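Following: one structure in structure tokens, then a few remarks.
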Amino acid sequence: MAEVAQHPPVVTTPVSGPLAVRLRRLGEIVRQVLRNPVTVIGLVIIVLMFTMALLAPVITTPNEPNPYQMPRDWSALNEPPGTPGHPLGTTAHGGDVLYGIIWGSRTSLRLSLIVVGVTVTIGTIVGSLAGYLGGKVDEFLMRVVDIFLAIPELIFALAIAAMLGPSFTNIILALAVVYWVKYARIIRGQIMHIKQNDYVDSARVIGDSKFHIYAKDVLPNSFTPVMVQATMDMGSIVLVGATLSFIGLAEAGLAEWGVLVSEGQVGISTGRWWASTFPGLMIFLWALAFNLVGDGLRDVLDPRTESR
Amino acid sequence: MDTRRRTPQWSRLLVVVALLAVACTSGGTTETTGEDGEAPTTTGGEGEAPATTEGGDEGGEGSGDVFVHAADDEATTVDPAQVEPGEGGETIITQVYERLIEVGPDGPDLVPGLATEVPTIDNGLISEDGLTYTFPIREGVVFHDGTELTAEDVKYSWDRAMTMDLPEGNAGLLADIVAETNVVDDLTFEVTLSEPSASFLNAVVTASVASIVSQDAVEANGGVVAGEVNEFLTANPVGTGAYELTAWNRGENFQLGVFEDYWGTPANIDVRIDIAPDTDTRILGLRAGEYDMMEIDPSLVPDLEGAEGVEIYSGEFLLEPIHIGFNTRFEEGSLPPEDTIGPDFFQDPLIRRAFNLTFDYEGFIAGALGGMGGTVPHYFPQGMLGYSEDYPVYEQDLAAAQALFEEAGVWDEGFTVSVIAEEGNLFEVAALVLRDSMAALNPAFEIRVLAQAEAQFDEAHASDPVPYAMWVKNSDPFADPDALMNAYIHPDGEWGTVHGMREMYQDPDAIAGLIDEAGTELDTDARLALYEELAPMLYDDPMWIIAGNETALNAHRDTVTGFVMNPLWPRPSVKFAFYDK
Amino acid sequence: MQIRDYLIRRLMVLPILLIGVSIIVFTLTRIGGSPIGIYLSHEMTPEEVEQLEERYGLNEPLPVQYLAWAGGVLSGDLGWSGVAVAPVTAVFGDKLTATMELATAAGIVAVTLGITLGTFAGSRRDRLPDHLTRVFSVSGSSMPDFWFAILLLIVFWVYLGWFPIGRSDPAIWASIAHPTGLYTVDSLMAGSWQALRDAIWHLILPAMTLGLATTAIITRMMRSSLVEELNEDYVDAARAKGLPERLVLKRHARRNALIPTVTVIGLSFGFLLQGTVVVEILYQWPGMGRWLADAVLRGDQATIMAYVLFTSVLFLTVNLAVDIIYAYLDRRVVLGS
Amino acid sequence: MTATAFADTTSGRSGVGLVASVQDLSIHFQTKTGMLHAVDEVSFDIRDGETLGLVGETGCGKSVTARAFMRLVATPPGVYAGGRIDFWSSETRAAGGGPVNLLTIPEDEMLGIRGNRIAMIFQDPGKALNPALSIGDQLAEVFYQHRSDELLDPLGPGTPAVVRRAARQEATRVEKILLKVPPLRSQANRVKAAVDDRVAAALADTQIPNPGKIMDRYPHELSAGMKQRVLIAQALACDPDLLIADEPTTALDVTVQARILELIAELLDRHDTSVLYISHDLALVRGMCDRVAVMYAGRIVEIGLTEEVFSDPLHPYTRGLMNAVPSSAHRRGALTAIIGSVPELIDPEPSCRFNTRCPYAAGVCRRLDPRFLRHTLEHGVVCHAHDDPAALAARPDEMPSFARVDDAR
């Protein structure tokens, strides 16, 4: 969690400049990332998960009217894997495990993309304001950030989700409220650091406007650690989200892995392992994949912590 | 506030550690650290708590000699005047307190409790006008605190509940019907009703709120204050039951000890009620032999069926059908924004009938209830007085439903309506079944299932008006149809008012008249005739979707002997005094 | 800056943070409506509801309610826990000691195992043990703990029957006094081996589950900072003095590698705390985590508020302590910069 | 043995008058793309009491060579690919023993040599001290490690084993606690006091003012010059036979540099220690060293008495180096550097490593390793051109061409 937040600012080579230069640098990063076999494994898992999510309406018949709800067959409860029509079996409530896993990947993708998107945006705005304007604004914003950081994240998300009531939207909201803080801190730290660099000074000397400098030089160069963190968070958000769902904060019948594990939890003691094992494994693989890729990215982007 | 406020134990840890570090003296020091730091509650006060045994190892008789029941939630209170019907505290109250008369182990028959006879008109203990009931009190009964039971205690207990009139409690049950309580002599108690009641004995005298508490114990610990909770009684029951509460480790367990001076057949074995909210742990515990018994619902049967050493008992139906309510008494726009219906929607009997015809009863009963349940006619649960198998029961009939929806003019445009349910239980499942059924009939019919935390559900549920058009829960476990009719069917009754049933019924006055008449009719046959007239009217003009009724289930180790269960007893419908192992 | 000055400055900011947290927490709980729900049953009349609102002061305007609550907190009254069915403060001690015992056990496991594994891997960089450790630490931090707990329960409780669940065998628990509330300490003080074994046996599975993620994090941090330290000149300088590798590793490299690790250990304290929620539910551990989960599911706002507030205080304190320890360990650090 | 291998013929193989002798030392590094020949069949001697300078560009292998003396090259990725380093310790010599091969002796024997018979001064004093330990503690380690017997002497033969183990830094955690309680505490304190005395003396030796106070300080509290003094004190604490000084003044300010150099010179004189002095600074080497060896791309290309090498550099590379040195002959800003860069050292084919940059490079330079040629009794070179000295003499002006750079480093 705050592992990254604790890092001193990371110094990286400037990525601003003509598009060609940026592309070349990007290409170089990709090549380096791909050199690590473990990272490649992570990438493969991610690609598979994404494909599964994207093809969900094609490989399953979507449940009407809301495909994110598990279809239930009340005449086929607790069917083991291999049952015709239910290749991975059914839950105690007749939910098709395979459908839950496939649409659960969509749910996870939605969850992580929305939360990461929203939090990076908010974090960037707040962090930029604080880091770039400095002074009183910075002082104030950082106190707010400190307050948010004072509450352990799962507890915070749990409390928010609980108060808003069980629903998937509320889980997204809760996680967004919790996660933006990290990014604000990272961005601020980076900006504070980069602000002092020569090339910013030189840009200022040339007479660029403040905003221009920010958009052209400062921001692009702040994004390296954000990228690493965001990749890691793509995994951890699903993990935390599933935990909230498991505790019972997702909406009823949602096709979500945590919900499935919780639905299958009861049966596991009597050998009905499938309903919780498969989705649990999916959560694990999802988090693992993003951790591996995030790790690999960090190795490449953040030479200071080489070979972590 | 807790009268015996204790220092947080972790702060004491520091002191102890410091003491230990400084004076590394003889081993006996631990005993001086004051009250054993143990159970937050012990019946007899500080002294009775398990004493510190120096060696410690002899102390445990092992759980082999204790009957362990796994409960899924903890009581909030064990004070009869404070407990809500159906709440966990009733489990304890049933064991440690007694009522004047009790529901016997077999079926709905009443048996004498602290009164030596069940009053009837025939034995003269009920007056001809049906207003005065006389209870001869049993002699030689002692409370757990050693005082002797008199009619004074009985009057005190009833009056106490009515005076305190706690909003969370069930005092209204007494107050609504009782006009006067009298002590005739030491061993005779008399009560006068405000109107004749067919259900007084079944529904009121046997209820938890009518439990008899020790006057001396109450007076010694705060007495009776109107509208205020008695902190002592909340956690320290002083009754006459076969068990006394020896310890209540909050969040962990209740310990019930055999009461040696019990007037009747004494209980056989000490009981511990472990609080294990997680279903899986309860099931695994029972399978592992760690628990002797647990309450189960039908969905858990597959987990326990065939398990070694586990027996599943299934008996009568519970008297608490799971029903889905139609609310029409809400402000336009006060529903969740996704909802597209207005207050008049459910006023249309065609739609209510159509909903009743769409619900997948078979799926719910065979699936969610695992076959352990049955359908219920409007509104007479099987096993209760007034039930007849001849009454019409709704079954799924999609064609008929479609016709009705078309007739009501909602088929083409469809609708969205939210149904609230407590999160994570059968009610949520019933809501899911409704949603699936409706979506299968017509994808334009969207039922949104909103699962909510208990407190939020309760808050929404107790709001006036209720801000949702539909909700799912079970009915309260009434022991008499009159209570059920008044609460759920009567246009001016509890839910009748909340839901606006007067506007929903085609002929509200006819229904109200029949219910009122049956409620004061002391002759059972005459009463049944009235209900027979009522049943088809309720079928034609349904106020609920009755999803189904669960079978009373229980799972226990096969070593348990003397097992009996009666759904008319409060959850988990058992009396431990009958058991042994 | 002197440690003392720094401490004073940090302590001065602390109340501001706490007020901030308390406002957030209060606002948060009120988003879900008034906390009246936990006192209600569904058949209460509006009058009865009002009566209850009055009893708990919930008909006042929000700022008044906040001040009343905050005032209560300051005077040691955290409200009524609907879940525990007692004043929050009355059950707090018991729940906290239970959780602390679990968290401490998990923490001890995580710290020793994490440092050992991290040192092991870091000093064998890019060799097999290092790769295995990396696999362990990445999987460890990707493992959903509720799932892991289920797997452990199945194997060790259901099938092997090695370890029980819950916190104690009640009979054994009742056989000794509990002056501290920490079962292990109590059993030691009572000199009862049976109780000690019982305490430890009950601790093993939950502590393992709870400690897994933290172990992974600490391992990872320890490994990477050790690798970093081993590349430093002073390590070679120490070798050049003729110190045996054992001392080079222990006294020099590891000691410095521990500095960043201490920060992570401090931060993982929050991790342990939040982990108790799931772990305590599944292992039936009567602590704060389960209390919170129940409170969340039943909408018991007083408990949630008290819990979040307390956690934050604890968390802030631990962070402060970590900073100070950090400054103590790493002489180069200038506090407050 | 290939053509490059040469004996430093200035001394005999008897070892008389030698403190160390490096023969055919090869150290390779495993990389993803192949074996990197960082040190390639290097041979030279260090004579008793002399200061041998080892010069070359960054990355030429001089530091690796130096570390090989301490056996501090990390394996992996390093590989001791061949050769030996013989070392005549004063201790064994006093006992009539011969040399030991530093690359093959057992580790515990090596521990007895490191910091005791061979000591090392590191390049950056800021990094070579452990930031978490006080100066006193760090110096004390040397005495505990190598002089524990002397420390225990005053305590007499009855000293408890725990105290002995503590003085040898072998005490376990539990024993350390034991040492803090009364019966053992006084004895432990006496050992501690003895160590403190020695540490203070060692510090005073390097002219550190107020050594008692410095002992309690932490590295970050001291200036760079001070730290280097501490490191020097640490290195000389046990009167080593051989001191390896790896660019000891590079990281220091110029003013401090001078004073540290003076100090080193003065101390070496007093301690009569042989020195392997590594530097890229030719002026400095010229002032400090008796002899100098020039290294290029993992090989020694020229070796000889300082005066001879400087007055008559034989190898084209050496000449280039000389010209890269700022001197009064060059205008400010007109420093020069050798054109091109160091060749890839991964799996090299036989050739002169300098051929890519050498103006004289002929076909043979790319095909064959050059051999060692003796120029004078004390001066040798490894260069094909010197097989045909006429070639070199004929075109004296066409020595390596130079490019201007801002900084010679």
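Brief remarks follow.
We call the chains A, B, C and D, going by the order they appear; numbering starts again at 1 in every chain.
The rule we apply is simple: contacts are C-beta pairs under 8 Å (C-beta built on N, C-alpha and C of every residue); 3 or more make two chains touch, one makes a residue touch a chain.
Quantities reported herein were computed from a predicted structural model and do not represent experimental measurements.
Put simply, the chain nearest the middle, going by average C-alpha positions, is C.
Computed from the mean C-alpha positions, the centre of subunit A lies at a distance of 44 Å from the centre of subunit B. Centres computed as Cα averages put subunit B at a distance of 37 Å from subunit C.
The centroid of the Cα atoms in subunit B and the matching centroid in subunit D are 87 Å apart.
Rounded to whole angstrom, the centroid-to-centroid distance between subunit C and subunit D, based on C-alpha atoms, equals 51 Å. Annotation for subunit D: no residues touch 2 or more other chains.
In subunit B, the residues that reach two or more other chains under the touch definition are 280, 284, 287, 423-424, 452-453, 456. Residues of subunit C in contact with at least two other chains: 32, 126, 150, 153, 158, 281, 296-297, 299, 301. Chain pairs that touch one another: A-B, A-C, B-C, C-D. Within the complex formed with subunit A, the subunit B residues making contact are 279-280, 283-284, 287, 299-300, 302-304, 307, 360, 362-364, 366-368, 370, 421, 423-424, 428-429, 431-433, 435-436, 439, 443-444, 446, 449-453, 456. The part of subunit C that touches subunit D in the complex is made up of residues 126, 232-234, 236-245, 247, 251-252, 255-256, 259, 329-332.
Taken in their complex, subunit D has these residues touching subunit C: 67, 70, 72, 76, 107-108, 111-116, 119-120, 122-124, 127-133, 141-142, 145-146, 169, 218-221, 231, 234. By the touch criterion stated above, subunit C contacts subunit A in their complex at residues 13, 16-18, 20-21, 24-25, 28-29, 31-32, 125-126, 134, 138-139, 141-147, 150, 153-154, 158, 217, 220-221, 223-224, 227-228, 260, 263-264, 267, 270-271, 273-275, 277-278, 281, 292-293, 295-297, 299, 301, 304, 307-308, 311-312, 315-316.
By the touch rule above, subunit A contacts subunit B in their complex via residues 63-66, 69, 71-72, 74-75, 77-78, 92-94, 162, 165-167, 248, 251-253, 265-270, 272.
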